[in-house]
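Listed below are the structures to be examined.
Across the two complexes that follow, chain A remains constant while its partner is chain B and subsequently chain C.
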Partner chain A sequence: MGLDVHFDWTGSIGEVVLGATKSDGGSRKISYRIGGGTTLPFLDADSPAPSPLIAFEVCDNPQFWSPIVRKYCGDITNNTPEWVHAAEASYGADLIRLYLTSTRQRNFTDVSSVGKTVEEVLSATDLPLIIEGSNEPKIDSDVFQKCGETGQGEKLLLGTAEASRYRSIAAAALAYDHSIIAQSPIDVNLAKQLNILLREIGIQRDHIVIDPYTGSLGYGFEYSYSAMERIRFSALKGDVDLAMPMICSAIDTLTVKEVRESELQIQDEIAVRWEFYTGFAAAVAGAEIICVRHPATIMMLRKAFGSLKSQDRTRMVM
Partner chain B sequence: MALKALDIYKLLPKKNCKECGDPTCLTFAMKLAGGKADVDLCPYLDEQAKTILGATTRPPIKLVKIGVGERSFAVGEEFVLYRHEKTFYHPPGILFKIGDDQPVDAIIAVTKRVKSEAFTRVGSDLQFNGIAVENASGSAETFARAVEIIENVADLPLVLISPDQAALSAALVHCGTYRPLIHAATATNFKEMCSLAKQHGCPLVLKAHGLAELEQLVKKCTAEGAQDLVLDPAPVSLNDFIMSSTAIRQLAITRSSPELGYPVYLDTTGDGTEDAMIALGIVKYAAVMVTSPLNQASAKASLTLRQNIYTDPQKPIQMNPGLYRVGNPDKNAPVLMTVNFSLTFFTLQGYLESSHIPCFMLIVDTEGLSVLTAVAAGKLSESLVRDAIKKFGVETEVGHRSLIIPGYASPLSGRIEEATGWKVLVGPRDAAEIGDFLHEEWEKRKERS
Partner chain C sequence: MITGNKTMTDVELSKKRGEEQLKVEMMNLKHSFSYEETAYHLPISFALTGIAVHDPVSAADVFTRTDNNPIVASECILADKTAIRGKEPSPYTGFIGDTVIRKLGYSLVDGSILGLALVVGTPGSSGTAAAICRELQEKYMLTFLAGTIIPSLSASGVRLGLDYRLIPLGSAPSHGIHFVDIIARVAMMFGGVTPGDTQRLLTYAAERAKAIVIVFEGLTDEEIAFVDGMRVLGFPILSLGDYQSGSWISSSPEDVVRKGMEAKGIRVNVTAIPIPMGCSPAFEGKSIRKEEMYVEFGGGRSTAFELLRMRPANEIKDGQVTVIGPEIDSMKEGSANPLGIVIEVAGKAMKKDYEPVLERRIHNFVNYGEGSWHVAQRDLIWVRLSKEVVAKGVRIEHLGKLLASKFRMDFPQLLDAVAVTLITDPEKVSAARKEAEKIYEERDARIKGMRDNEVNTYYSCTLCQTFAPNHVCVITPERPALCGAISWLDGKIAFEMSPSGANQPVEKGAIINAQNGEFEGVNRFIKKASHGEIDRCSLYSVMEYPMTCCGCFEAIALMLPEVNGIMVVNREFKGVTPSGMSFSTLAGTIGGGAQTPGFAGISKNYILSDRFLQGEGGIQRLVWLPSQLKEELKPRLVSKLNEQGLNDFFDKIADETTATTIEELIVFLERVKHPALAMKPLV
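For the complex of A and B:
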């Protein structure tokens, strides 16, 4: 009897491609294939999966972005392309997640500006891109259509579809061959339901990334962690409607009390720890894209993933 | 391998005497199968049956108690690989490591910190659990003195780290009756270590890299009579730890390797990714964790993660329904209604606090369901809102009759207006936008009126 873990998995995680290089009809310098896992995260000694991707989140109107990040990053937060460039060149992100917060102003109508922003961001970075569209059903259709069209050929990841609101985003993804983020409120069954809805309107499984919704550390993460574990577990047990890679974005992290009200001298440190503990534990539960807003969290996660990733066992010298 | 309830039943006397506290032998058998009862409760078992059952019905991971008194803690007795299958029961003890070669003041300071520091979250005080003293000096005398200093400051659980039997013996003079955890027995020194552990009745860490080696060491030490064991798989990387601790947990709970049925030890210091080691230990089955004295940021984050992971995942955390104040609201302050799911409550409360607009939060009883789920399941209704307004005396607290409801509850807005007679304003769906909403809608509305 071998002293090792033993699972009888029958399923595996489906793969999703993010970003397209020139040879694939896009302009990115790299494209990522995420998913493909055949066992629990980081127990894949026989065929080591790559490290989870670290996405840096930016927005095109930083008015309501965390003051901690605005202070740390400085004036470039007011210049989206420059900020995006820094995320790639200085902070070391794997991909960029752009929130079109400008569309969240009341009575927003200037959809052409969305196209312009997306265009500028695409030229400011060579990394694959996640785009978060509007938050307002009335303009969803125009905004997603514009994002999809502007990013045609780039294999974007568009966010965020929910059970009550997925048609506009799905239409844009289908028309321009992008993938989408499917978010459900911390529940394995609701996640499955939404994936089925999306399939029924024509979104292929290899174009869906599950967002089980990440409550931040101390504020719901206890549920998110298990929701992620259950999704991964169901997928490995053969449920193809849950066999998609997952994304973790604990968007409230920098506004929870412990971070917001911490002493100023240690505020960056605590913001980074809060993002790190959440993102790292989520990766252990199965998330393959970890989103952060504080630049200093990126290197900390990267170093940890380097040690967490399965190594080729033959090279491990004891 | 584990016996099924029916197999166990066949070995029982089938008298249904109730002396074990269970109504029938079959229900007792079911408890035994689940590791929830002790074989010794049955007075009529013959020795042979006892031996068979004893080996297969004790909890798959032995409970090991470390320290004595108020701050002592127990680890082990876990049953599942995933917390959603049941829950995790015994949170890992986290102990700050300090070398015996440190200045006396530093040793005292760390001890005092662990003794008194506590973070209060959601009604619980979160604390670190004890001190791990390392025999960095190599001197038995220095080691013993460091332990004596710590014992003079606080009654905290200790880990004594030294490869040297003489140093451990000297330290145990000061703390041997307080159940410190001894680290560690290895393939070369296990005889001496087992005899020390037995002599003082202390739990003992066995350290070996590789599960086969660990299993061998357990066999040798149990043969020497050591009982309360903790296993240190001596990981060389985060991956090495997740591999070995997952394997130990799985082999233990399936009883594939009874020798590995003991709690796991993890030293997180050393390789420069300490926060990651701590987080990994918490989510992946470490039971005793030795860390450096953590800075405030890492301290709070790690204790919060431990609290999260050791919360029963099946139970929605609920707030008591009622009227909560944010700041010092007056008669004109806005009233925001939402559900009693604690995550919803704390998220909304956080954003309200940062909006700097004093207000009331009216929390209604949706049995811990979120807004979206409560609306879908019909748990959030106009009558619930009406009754809450009456019950919590909202009408005497404010002069106006306007209620802000969550964006996801908008389908109920008309019915709530009819049932309560209050004007309903539909707020944003995302709590992050509540500050903006209040400034735009509420403050302006106030100006208009």
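For the complex of A and C:
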């Protein structure tokens, strides 16, 4: 009866483990196994694939972070460990994505501070951690080495590898057993090529998460959606070089004109809606991890995923 | 130097004796031993067999299992000795702990270290050893030292230690075993080699570990057995002593590093170009106007040419730039001067066929320079240098440096060495140009002879799938990519350089339809590469299963049913064509990766190919071309037509001056008695 939601697909999405608990040699209270899907998301009630995870993004130097988020979260944005703690305890995130924005200042050299920040963040939360390192090839090697070393045993997810720049991240992942985010510019073939490059350097498939690059809703998201769809279709048709979980972070969402210039009293609501719809669409396209920056988006997404997961499809979100 | 009457050491004999001695010593092990700060026990033994060796019994077991391997023996014996005598004093490092190895491995994957070298033995002079080590440092190699080379280096003031990438392992060459235990651990930590998986370890060592071994004089039999044992791991052994061996590479101190790195395929990446002007693709589109120019070369104002040739590796010195003739300071501002650009390249993967393709890159590279500008090719080139950069200190020599560096940077897989000669002496330029012209002719003859039916492999291009998700270009010798930018040779080279890139080989397979150019293999490939969207593709037909179009085509060929012919319009033509549509309207209709019978995206040069419109009966189908394109192609098109006996055909092709509408076109074609009117109906 009904539609076979597996069509003629034979492939499945590979699984990646994020975070290590004490028994696995880490210090996290929880670890996740993402991926494992055999069809598109939310189609199969018995699917082994869990709901997408929601990652809250923080940074260690909020100078250029969205003013909307800084205002909403308050002073704790200047105290990375406290902010991270709030993300877990108050905002209800599944995992933390830490951007080491401090390394993105001109002439940054203080690599030891990176280790300290990562250490503090690891003690401030029990959740698995995603770390976004430097933006500057010159310091990549030192920064990623430090991140990898400090987080040894914690099964971090390190970002972000691109075709022109992946060796340092790959090296940190290999040396200290972490996974990595492989980003390509909205293109299925380039995504595959990067995965092959990573494989050639020695990264196992179960240590790669694809970032298809996510445009904000209204600002190119449809391209991302279509690239994600094609990545997922190829994977389900059996292309193992694309059969990895995906992570989406529409980082421009809070800076699009509609959000930035909205009236102050409704700005938070607009920001959240914009993030919600972008993240939700990305989840429908198949992303296993959705990253957000506004705390209030987290619960809204969780509710939406819950209603899609449940058998009762007639109940609408919101 | 001790040479002359000293007898040569026969490596084979020494090795046999050495292996016997190692065997005896293995039987005399008495103690238990273990290294600190490692989870890999005796790493080589552990990697090979999965057995944790800590005492004579397990050592003997592993020795037997590995068929009395001299490396295993050397590892066990040194561990035993270290247990008895303790670690050697500083500066010797002895066994290096896992934490350091993890960092070393990181640098290897990261690319900040290109490879590993072990240098053992007693150098003839400390100066020689120091020079070799300096070269290794300069080439981003991490060098391990064992034996009397260490005091010899210290004596000549060379600083040792991890920070200097020169690591003194121990006082005797046998301590070089730690070099192998490091590689064994890197294989287990980074290469996913599980302990005991001998085959994987050997594959990793041979293919991934970029390691070379340099051997000076004075090795004992046991040490020779150990060093020779490393050949199994795929490390080239370079000999600087009087060793007689068919498998060791004998070298001189001057070329030992180059030879070793070459034998192992280790390449130095150039990252910065040492010239006083910016160099980036961002400058490619700029032009240097007459009033901005300091000097110019060629462009009809003076003799100039460019040539890229392949040479044997030993005939060129990488990075060498030579200027023959006056430099820029003796050239008058605003003057035109002769110039010959001669680039010589060498590389294991380099082939003669690639010469013209690489030569075309000179154009891009010179334009990358902030104040250098280049147009055209071969002996038609026109080069300018701007006043601005000449004032900053740019000289002719820097053009050479730019070219040498860019070629090395962009073709690291292909080229091991690039040398550039810039000739500015008028007589020498003329002489060299004559030489170059002979080579151009030879090349033309070779490429001209290349036919679609002479090769079994075509190349795909899916670069445009970014925009046109199901588009697949199939590039053949006689049909370049529809953007005009990639020829069959380009595709072939791109594939060789980047095997997982956008250009893949397409086996053409059995012929389905020779006239239309439909092949089983091509169809199979298209089906897969278009993600199942396209089943068939005829390479030479506009009407039946034409190739898909992305959006980059230089021109569009389309059928005009009213005149039973085919017209072509290029991107530059802004007007409305007899089809009633402009180029941009047409482009919007057929692009995006769709297959549209009656329409095909093509490159301009394809019009000159013998395969052009083959499916529709040949070039006689061509009824209309924009006049500008007609002019551009005229010399080559006319001679092509004459070859086919179509001497009066060129003037029968209409353009916008003779026909702007379909009605006018009908009138024109009937008046000139265009052959298409009488051909088999297209529809």
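Simple rule for what comes next: the second predicted complex is superposed on the first by the 300 of 318 C-alpha atoms of A that agree within 3 Å, B and C clash if a C-alpha of one lies under 4 Å from a C-alpha of the other, contacts with A are read in each partner's own complex, and residues count from 1 in each chain.
One rule holds for everything that comes next: contacts are C-beta pairs under 8 Å (C-beta built on N, C-alpha and C of every residue); 3 or more make two chains touch, one makes a residue touch a chain.
No experiment lies behind these values; they were computed from the predicted model shown.
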| query | Will chain C clash with chain B on chain A after the two structures are superposed, or do they fit? | reply | clash
| said: Is A:R167 touching anything from chain B or chain C once the two structures are fitted on A? First, second, both or neither. | reply: second
| Is A:Q145 contacted by the first partner chain B, the second partner chain C, both or neither? | second
| Does chain B (first) or chain C (second) touch A:G202, or do both, or does neither? | second
| said: Let me test your reading of the model: by the given contact rule, A:L308 touches which partner, first (chain B), second (chain C), both or neither? | reply: first
| request: Would you sort A:S66 into first (chain B), second (chain C), both or neither based on which partner it touches? | output: neither
| said: Output check: A:R230 vs chain B and chain C. Expected answer is one of first, second, both, neither. What do you get? | reply: both
| query | Which of the two partners, first being chain B and second being chain C, lies in contact with A:A175: first, second, both, or neither? | reply | second
| field | Per-residue touch tally on chain A - higher for chain B or for chain C | value | B
| said: With the touch criterion stated at the top, can you tell me which chain A residues are shared between the chain B interface and the chain C interface? | reply: 185-187, 226, 230, 233
| chain A residues touching chain C - in the complex, by the definition given at the top | 141, 144-145, 148-149, 167-168, 170-172, 174-176, 185-190, 192-193, 196-197, 201-202, 204, 226, 230, 233-234
| note | Within their complex, chain A touches chain B through residues 1, 3-6, 40, 42-43, 45, 64, 104, 106, 135, 185-187, 215, 217-223, 225-226, 229-230, 233, 251-252, 255-258, 260, 262, 266, 269-270, 272-274, 276-277, 280-281, 284-285, 300, 303-304, 307-311, 316, 318
| task | Would you mind writing out the residues of chain C in touch with chain A in their complex? | result | 102-103, 105-112, 189-192, 208, 462, 465-466, 469, 500-502, 531
| remark: Within the complex, chain A is touched by chain B residues 82-84, 121-122, 209-212, 215, 236-240, 242-243, 246-247, 250-251, 256-257, 260, 271-273, 275-276, 279-280, 282-284, 295-298, 300-302, 304-305, 307-309, 311, 313, 343, 346-347, 350-351, 353-354, 370, 372-373, 429-433, 436, 440
